[in-house]
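Note that the chains take the letters A, B, C, D and E in the order they are written out, and that residue 1 is the start of every chain.
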Amino acid sequence: MRGTMRVVRLLALPALLVLLWWAVGGGSFYLPGPAAVGRAFAETWFSVRLVEDVLPSVGRLLAGYALAGVLGVGLGVPIGSSRRLRATLEPVLEFFRAIPPPVLVPLIMLLVGIDTPMKVLVIVSGCVWPILLNTVEGVRALDEVLADTCRMYGVRGGSRLRRFVLRGASPQIMTGLRQALSIGIILMVISEMFASSSGLGFTIVLFQRQFQIAEMWSGILLLGLLGLGLSLLFRRLERRVLSWYYGSGAARA
Amino acid sequence: MLEIHELRKVYESPGRRVEAIRSITLGVGAGELVCVVGPSGCGKTTLLRCVAGLLPVSEGQVRVSGVPVTGPPPDMAVVFQEYGRSLFPWMTVRQNVELPLKEKRLPPARRRELVADSLRAVGLSDAADAHPWQLSGGMQQRVAIARAVAYEPQVLLMDEPFAAVDAQTRADLEDLILRLWRDLGVTTLFVTHDIDEAVYLGQRVVVLSSSPTTVMEDLKIDLPPERDQLTTRSLPRFGELRGHVYRQIQRARGER
Amino acid sequence: MLEIHELRKVYESPGRRVEAIRSITLGVGAGELVCVVGPSGCGKTTLLRCVAGLLPVSEGQVRVSGVPVTGPPPDMAVVFQEYGRSLFPWMTVRQNVELPLKEKRLPPARRRELVADSLRAVGLSDAADAHPWQLSGGMQQRVAIARAVAYEPQVLLMDEPFAAVDAQTRADLEDLILRLWRDLGVTTLFVTHDIDEAVYLGQRVVVLSSSPTTVMEDLKIDLPPERDQLTTRSLPRFGELRGHVYRQIQRARGER
Amino acid sequence: MIRGNGLLARLGYGAAGLGGLLLLMEAVPRLGLVDARFLPPASEILATLAGELATPELWIALGETLRGWAVGLALAFCAAVVSGVVIGVVPGLRALTNSTVEFLRPIPSVALVPLATLLFGPSLGSTLLLVVYASFWQVLIQVLYGVAAVDSVAFDTARSYGLSAWSRVRHLVWPTALPYVMTGLRLAAAVAFILAVTAELVIGSPGLGAEIQVAQSSGAVPTVYALIVLAGLVGIAVNAGVRLLERRVLAWHPAVRAEAAS
Amino acid sequence: APNQGSGTSKVNAGVIAIVDTAPIHLGKAKGFFTEQQIDLTITPVAGGAAAVSGAVSGQFQFAFANTTSLLTAKQQGLDVKVVANGVSSTGEQGNDFSAVLVKPDSPIRTAKDLAGKKISVNQLKNIGDTTVRASVRRAGGDPSGIEFVELPFPDAPAALQNGQVDAVWVVEPFVSQAISQGARPVAWNFADAAPDLTVAMYFTTGTTDADLTRRFTAAMRKSLEYADAHPDEVREVLKTYTEIAPEVIAKIYLPKWPVEVNRASVQTVADLALADGILNDKIDVSALIP
């Protein structure tokens, strides 16, 4: 019973939107109807493309995401903890944050070449920001009494990091990770606009350039589904990691 | 053991400047148990945090074992007034109590023993696997006490540690602290607003005036060292001391 | 006014199931002041939250003025045990107290008056423009009390409201509540762990057993209605009642 | 420490950080770690930037970009805050919208270029569509998490004092969510700027992006980097603005409190 | 909107800002469009796809795109129609605006050696890879093993230098730039693919008014003719809409701007694209070029 309710909640609004699309779509060249896109989806993605284009892309996405997570949290904790470090690094970080990835790519290509490392780095270059910013803010907002408790009982160094800082900031860190997930997908596409000859993003861009519009939309559909799938996985993880947070009344969700 | 010399503390925040402590000079000998009482908001918590090295002093000095305090000294345990916020919500009760012991690198067997003992002492053996937020206020406070007790500190600072528990539990916990103090010789600074408690527990009771805060009286409690909830509290001298402190506090409040 | 009928409350969380309240039946008449005492963790806070409509009951029913409680009833004020968390840190003390009055759409002049009066009553006129986190624990608790008092509720629920204040302040606040109750006829349910306080304040004292929680005794306090800190507390009947409640709680704890 | 001093110190540290970056950017090509033809040293980039800044065209382009950025960001921010609060506060709505939000979020704005040009042509509208689409989600997610972070005791307090839904949002939910929202604003401000530039790059509406595009296809490497640096500088300015705002609206927050105290 | 009062039509043309499109800029400067009562705005676009979608959506009345892009658009059923020639190869080896370059010390000596190598093109499945394959085929090599990767022209020289690709295909100004930095041309792919290859064309969509199209074509033809005859003025106009360094402008190889589209070469490109699987069906070029 609860299971069916969940499915209903999951699907109700999307179903409504597809109906809406059905009603308005199909009229124009650039916005084909759901039927055409559905057909294109089946033809395009249930093929070797899945193995040759989609899987490597997803692999790079996950690698970049993981790296961004490590980097974002790894930098965010010291930056959040030290006012001086924050004052020093913030302008530099803000500088890089404002540079559009498409124009950053040539620089990354200069430094690491044009193969997989470049694409992973491009993904990192976008994903890292929400994680970093949220980590910094989460660390800054740690409870003072808990911090004092740690100091009193000599909890410091790695133990403090693991048992206090990371756990205490985890609600914010998880927010950042959640943000980064979809940004990662977007950057996966952007990274494959350069120096590529395969990949999900590349394929979508190619469809767009070759005016295969239904196919292009089917690729976007796939991106959306990928994002949805990953976010559902992410939620399971989050419910585990933050069970104390949602249980404790510190948050009401 | 603890020497507080002309301590002054002023909180400065934009638009508000509070002189929480004007000047406090106070010494606590090794193995002594001193209770601090004073009107609400007079600076007891502030004093404790300065002694614990958690708050920079504005003027004066605090020494622990002769060493000027700049950060938290080792082997000191604190029970915070905000007991709810001082427990890690992501850890179970057991983990909360065990954490400082891990930091002390005690062997696991010893840790388990200390945790079990201290939880039993505060009456929370059943709740070891619960998270703090699944407990009542009084239970949370007892977890914080258990953590301090299990730590086996040399100096123990307690800030209204029994505020949230019922009378009977409070009596039990008082005796727990007395036992700990006597058996291990823990130097203890105990903030309370319960005058009976201060007289019952303390070797000395320090009465703070209300703002601007100074030491109003440093009263030696000349009750027999062996204390007992029933007999000690019914001694005539107990009543006298109690009345004296009460009047002092009333004077302290009246002065503002 | 308040009718609690065979209330049962079970907390279910993954891996832990706590029967906080087995069965409580209790009535509080309009304009009555009933104190609830019981061992730590016996379910007093839980009871209060169920009455306030903040917690769904597992079984049984709660009615306020004859209406079954599903959400917070109007004209009810609650002072929470976690006073620190119940104040909004982004508001000053004044704003915290004023907020519910704004909700009631009182005219600004009347609001100002109520806020000033209630802050004066709890001794915090000076701190009106401070933020809660700039206050001591006891001061925060008094802000929460002032907020409830200013609200002029018909029903007042208080959960260990004086836990963090010193004895003298506590006495003043007790008299404040008595005054409020008498002048405005506020129906009051008052949770405390201080037996003296319960006997001094209450028309009735309800003693809860420890888990599984039931009403152990519903004691009528047959002291003269006019109460006074000095004379009332020194009445022999006061001592008797006090001793009786004390023994009951001890029995309650012993049973577990 | 008085506040002015703190600000000065912060500026000093910030300048030191940027100085370090400049040194690095000067050293890397000079030491031959990368070819100076492809990554000119910082001094050359700055000189080019100075030259560019002297031309009115650049300022016009920058103005265009900033207009798209500001309008788009404002639209996205307001829409996201309103929908975030509504979704977060109305029970059941979050579960209902979750799948759709998660589906739409990873769709890259660049993929919407054909749709944008179809709907709006080369006007500001296309840029806005892309900017709003991209930055909306950033704020929305932050708002959703922020709304969820309301303390249960505070919430119960609000309920028991009979605060109306609107008051609860205004006095409880919004202040709680505000730190998250500020982070969202900082994230969205950068994303909006990036998308404004990217939209110009791809659609060709006038602005900084178009300037970069022209410089790139002309092989004018120092100009490209000068424009990139300009973009970065805009980012720093925007962040400084948001930080200033944050200090005003979050003065009560532990993080900001600690900063202001010393 | 076109046709605004007194016979003057406002026209928005979507044109990429590269050397190839010098004639329209020059023609505008020379007043050839005003003569035809066209008030011309030139909007820079990023590439062929953007130009086509801009034209189809009505934002541009006319636009510029390369031959392959137009063929693909036509095949996908888009209503595009060529109105004027755009740019053509000079057809001369060693003197064209498009080349395949390798590092100075590369073992690749001729187009034949490109077989099996990694070559960058600005866009896959477009005119670059088809013509490079044609070059290799012509030199007697087997193009099937070539690995093409996408790299924007501006980034290609760096990638070549760093050894990330074996060869790059670029057009001006990057050909001259790379050569001056030591790169060595091994194939002139536009010249190889067909004689006088028509590389790109100006086009419109079915919705544009016939009279306006006629006038635009006339102005465009005049511009092409003028540009082809006045290379120095072309080099001058490049300074106005590109950022190419003046010393590079002085050296670059200019393309040809014949007035007429070379239909045969367009057919050749279509056939090559079909052979390489870029187009699915044989396309009738005359549908695209009326």
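What we mean here is this: contacts are C-beta pairs under 8 Å (C-beta built on N, C-alpha and C of every residue); 3 or more make two chains touch, one makes a residue touch a chain.
Predicted model only: the values in this text are computed from it and were never measured.
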Any chain that touches chain E and chain C: D
Relative to chain C, chain with the most remote C-alpha centre: E
Two chains sharing the most contacts, counting C-beta pairs only: A-D
Most distant chain from chain B by Cα centroid: E
Distance between the centres, which are taken as Cα means, of chain C and chain A, whole angstrom: 48
Inter-chain centre distance, chain B versus chain E - centres from mean C-alpha coordinates, in Å: 83
Rounded Å distance between chain D and chain E, as computed from the means of their C-alpha atoms: 37
Touching two or more other chains - residues of chain C: 13, 82, 85
Sequence positions of chain D contacting 2 or more other chains: 35, 38, 113-114, 118, 151, 153, 201, 216, 224, 253-254, 257
Residues of chain E touching at least two other chains: 53, 56-57, 152, 154, 158, 162
Touching residues (chain side chain E, partner chain D) in the complex: 12, 14, 16-18, 43-46, 50, 53-54, 56-60, 152-154, 157-158, 161-162, 173-174, 177, 181, 241-245, 248
Chain A residues touching chain E - in the complex, by the definition given at the top: 29-30, 105-106, 109-110, 113-115, 193-197, 202, 206, 208-213
Residue numbers on chain C that touch chain D, as the complex places them: 49, 52-54, 71-72, 74-78, 80, 82, 85-91, 99-100, 102-104, 131, 133, 147, 151
Of all residues in chain B, those that touch chain C in their complex: 11, 13, 15-16, 18, 37-41, 43-45, 81-82, 84-85, 129-130, 134-139, 142, 160, 163-170, 193-195, 246, 249-250, 253
Residue ranges of chain D in contact with chain E within the complex: 35, 37-38, 113-114, 117-118, 121-122, 201-205, 210, 213-221, 223-224
